[in-house]
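Here the chain labels run A, B, C and D in written order, and each chain numbers its own residues starting at 1.
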Amino acid sequence: MHPEDLAEKAAQFRAEEAAIKREVRVCMAASCQSSGAQPVLTALTEICGDGKGMCHVKGVGCMGLCSAGPLVAVADKDCDLADSVLYRDVTPADAPDIMQSVCGAPVERLRCSTEQPFFARQQRIVLENCGLIDPDSFKDYVAVGGYSALVKALSEMTSTEVLREVTTSGLRGRGGGGYPTGLKWSTVAKTPGAQKYVICNADEGDPGAFMDRAVLESDPHRILEGMMIAGYAIGANKGYVYVRAEYPLAVERLQTAIRKAKGAGFLGHRVADTQFSFEVEIRLGAGAFVCGEETALMASIEGLRGQPRPRPPYPAEAGLWGCPTLINNVETFANIAPIIRNGGAWFAGIGTEKSKGTKVFALAGKINNTGLIEVPMGTSLRDIIEQIGGGIPDGRAFKAVQTGGPSGGCIPAAHLDIGVDYDSLKTLGTMMGSGGMIVMDDSACMVDVARYFMEFCMTESCGKCIPCRAGTQQMHGLLDTIAKGEGTRADLALLAHLCEVVQATSLCGLGQSAPNPVLSTLRYFREEVEAKLVGE
Amino acid sequence: MQQPQPKPPSPSEDKRWKLVNATMRRHGYAAHALIETLHSVQEAFGFLDEIALRFVAESLDVPLSKVYGVATFYHIFMLKPKGRHTCVVCTGTACYIKGADALLAGIHTRYDINTGDTTADARLSVLTARCVGACGLAPAVVVDGDVFGKLTTDSLITKLEALD
Amino acid sequence: MNTKKITVATAWLDGCSGCHMSFLDMDQRLVELAQWIDIVYSPLVDTKELPKTVDVGILEGSISSEDDLKKAREFRQHCKLLISLGDCAVTGNVPALRNQFKLADVFNRAYHENVTLQPQIPTCDVPTLRVPVKPIHGEVAVDVFIPGCPPPADAIWYVLSELIAGRMPNSSAVTRFGA
Amino acid sequence: MAQPAPLSTVRVVTLTIDDRDFSAREDETIIEVCRENNIPIPSLCHLDGLSIWGGCRLCMVELEGQTRLFAACSTRVTEGMRIQTQSERLRSYRHTILELLFAERHHVCAVCVSNGHCELQWLAQKCGVDHVRVPYRQAAYPVDSSHEMFRIDHNRCILCTRCVRVCDEIEGAHTWDIMGRGTDCRVISDLAQPWGDSTNCTSCGKCVQVCPTGALVKQGTSVGEMVKDQHFLPILARRRHAQ
């Protein structure tokens, strides 16, 4: 298949719905569903009926502003979120008014401004289709240009050219480590081996992070497209998506996407009538945070206990079943199609010098606009929290923002003006992580927060290596003693020493980064910690 | 040339074993299908008992201790039957900040059960999850598969009381 | 050379006195030792009160009761340098094995199940037991550790000689847990 | 995991360990080279003849030009590698790791049948661990004496998995595995049932011999009487891999 054929197909799909002028989009991502989006969708669909062929109601993916869900957008066909009339906190009882507004004046009492910074300040690349297309519809995806990157790569580019574009883009792994994606791909491509694998890490385990889930639920084909392009570039014909079992909706939509892509000839034997074949299988996680670690994840796919193994050898050399394996996370794969479509140089033009492109963040905690946002790398934390996030509720003061989940740390108000990218966060003693941002107000006790994360690491430690298994336990005990006001200066010194040992000697990333929340607390909130010590 | 291990008969007439067998067949009875198979046993029967673990071990030709090691490594697998209703309290960071602890304490006060326990009348099991991904709705709870957000102890207890 | 002798105090808390026996096992070296140290308080001598300042305190046994804790704190307060002598003092050892059980069960086993005549739990004039049993350094700071069950007389000799010579001893060179 | 197959054309590399020059085959790991040359590197999970585990982290070494530490048991030597095995930092970390082990379960040496013949005890002395700074965890673990010849005392287990690996890789029975996660991990036979009830244990006793502590011992031994004998392992391992 050639790009023109696909373009023709897309045009045909659009023509099928040419009569439809207006759309009512109901957010059907997990968050809005939990707020009652399904009855809203049912009520709207009932009233709309056939919409005289001019209007239809459809369920779409995440629109981002989860705190205002269920969200409904009324827009001209093909208009994006910013140009739509957005309604918040919708109930089934509002359905008649909303349908009335499709051809008339907006319902002001439900109105949610799309001009507010939350929407206006975002730049959507990964999330460009989220909230616009029906995630279960193959046609919807193709109509907005889906699979054109894949067809372009397969028909017009050599694998080396694909590698070059990805390298040029400067894309870095969105799972947290920030390893250059192009370099990773090239390494796997160079490693000899008849059988290679592509793995999509969708084991989004950081508490407070739901970026990957939203992408899987809103735009699943994009992940398949990214994986296939990767497979083509490195010479793999088999892929696995390792998804958390806690995300049933994401799994369901991914399954539908795989089935439909296969049915349309865009997955499986001879993808899009080319010589390239690619199979994708879903593997369910089973509630083990450590499986986000590459080697543990592969062990889990192999049906074993998800315990990491020493590296080297790296997965690129000896990964799944000993074969060269490429592992990237959901957001990384979601960036691939736009990069191939628009060129690596286009992508490299966005973001900061060393961190290119955009980053999706999940805003949660004590902040007005909780939800999902996508901003260019380098956007300041202050912008994210005060503008996009809408500030702190209940008139309280900002105290800290936690990034990077259990591997990250807390950033105090003094550093809010820093632009967010991989390296700046590292200098602050935290990390990008997968993109969770938990905002805390002045009521938060930082020792308690550090203890919470240590408890997390302790219960998620796989138990293989001693520093992580026993060290996190001891650190948790010490934090507990300090939080209760029974700790001494000697306890604090011991805690700091354990942080160093666990960081330096643990086998995998979980243990190596487990002390980070404690270290950042000691760095920025030492006085608060010391005030809790006995005799201080 | 080694003969492939003959497949054991299903432990009982229960039709649900067909689902389990189907999963194993789909993966060619390969040892690496262990986790997928355990998922399908749990989906069919609600939990993994000794009969099921032995059957899976024999079918996939995986040592018993390995099966048990895997089943106890992953927190999703339950080795005990759950109550008729399950209430999963999210303890992700956002929910923690917004008071998940208070919800658990409320459940403990009302039903006298801790995380992982089931009430004596087998009506309700209480579990915790590491982030159900509904951080925007914190604190969130999953009751029988449905997510409820922005809960208080009172509104959660009311919800749980309303279950049959 | 110092003309004034080093003052030494010893006590046994929850231990079997084996470490003190090991101390006596230094045999003829005790005579030599007597040139350098004065034992000012110990079950081995007849003093009733711990002097205000002591150069070296030696504790045998773990902290299992309120009395043990009191004695350990007293030693820490009065002694310039505190030594944990033997595994019970250093790790909790055998006394700490009871940490695996509920205190009530321990009492039951000791005073009911294993007693044939008039089983009863003593309540008068016995110190209250603490939970959990801890090594000495679990409650007060300790400067020198001599593990062993009991530490050999040679090890005790070595540590004391080093201290007399004004050096910090390395007990791992001469003894270990369970030695 | 199987042993890495020997490379077809194995080259010899030169390297320095603690500022002394050595040469080694490039398919060797750092710990192998150190042991051949009598350079002491502590380890409780590594055993010549068993697969690499990398769990005890005691064999961490410093490599010149690298900020992070490397486990000697799982890192292969390369040309020009400069290795430090005994820095002050490494000593301090090893010391702490051993303390963490002692605090995790009940290693009461004085009443242990392996007293005097225990690798953990021996290493503690070697590394100068004369007391444990972190609090003891005080969790009670079971003792399983159901096997007619052997006994497992989980209180003395350090989860090195030597028993699991020798049973799987050398004996081929895979009676043992690990259950649970984190500090709740425990060595189990079959479905965490009494060892004596295991249907596939061959009572070969290899697990007992490779156990570094007093966790796996022979029945009927008294304090200090359990002496382990591991000389069989490299021989069996060689023959297994030659098959």
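As a convention for this text, contacts are C-beta pairs under 8 Å (C-beta built on N, C-alpha and C of every residue); 3 or more make two chains touch, one makes a residue touch a chain.
Only a predicted model underlies this, so the values are computations on that prediction, with no experimental measurement involved.
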{"item": "Target subunit C, source subunit A, minimum contact steps", "value": "2"}
{"item": "Higher-contact pair (C-beta pairs counted), B-D versus A-B", "value": "A-B"}
{"item": "Centre-to-centre distance between subunit D and subunit B (centres being mean Cα positions), rounded to whole Å", "value": "34"}
{"item": "Between subunit A and subunit B, centroid-to-centroid distance (C-alpha), Å", "value": "25"}
{"item": "Inter-chain centre distance, subunit A versus subunit D - centres from mean C-alpha coordinates, in Å", "value": "39"}
{"item": "Distance between chain centroids, defined by C-alpha means - subunit B, subunit C (Å)", "value": "51"}
{"item": "Two or more partner chains touched - positions in subunit C", "value": "none"}
{"item": "Residues of subunit A whose C-beta touches two or more other chains", "value": "288, 305, 460, 462"}
{"item": "Junction residues of subunit B, two or more chains touched", "value": "66, 69, 73, 75"}
{"item": "Every chain pair meeting the contact rule", "value": "A-B, A-D, B-D, C-D"}
{"item": "Subunit C residues within the subunit D interface of the complex", "value": "84, 87, 90-94, 96-97, 99-101, 132, 135, 137-138, 142, 145-147, 149, 170-172, 176-178"}
{"item": "Subunit A to subunit D touching residues, read off their complex", "value": "288, 305, 309-310, 312, 458-467, 469-474, 477, 494, 497-498, 501, 504-507"}
{"item": "Subunit B contact footprint on subunit D (complex, rising order)", "value": "168, 173-181, 188-192, 199-200"}
{"item": "In the complex, subunit D residues that touch subunit C", "value": "102, 106-112, 115-116, 121-122, 124-133, 135-136, 138, 140"}
{"item": "Complex interface listing, subunit D residues touching subunit A", "value": "1, 52-57, 60, 68-69, 71, 73-76, 89, 92-93, 96-97, 100-101, 103-104, 133-135, 137, 158-159, 178, 180-185"}
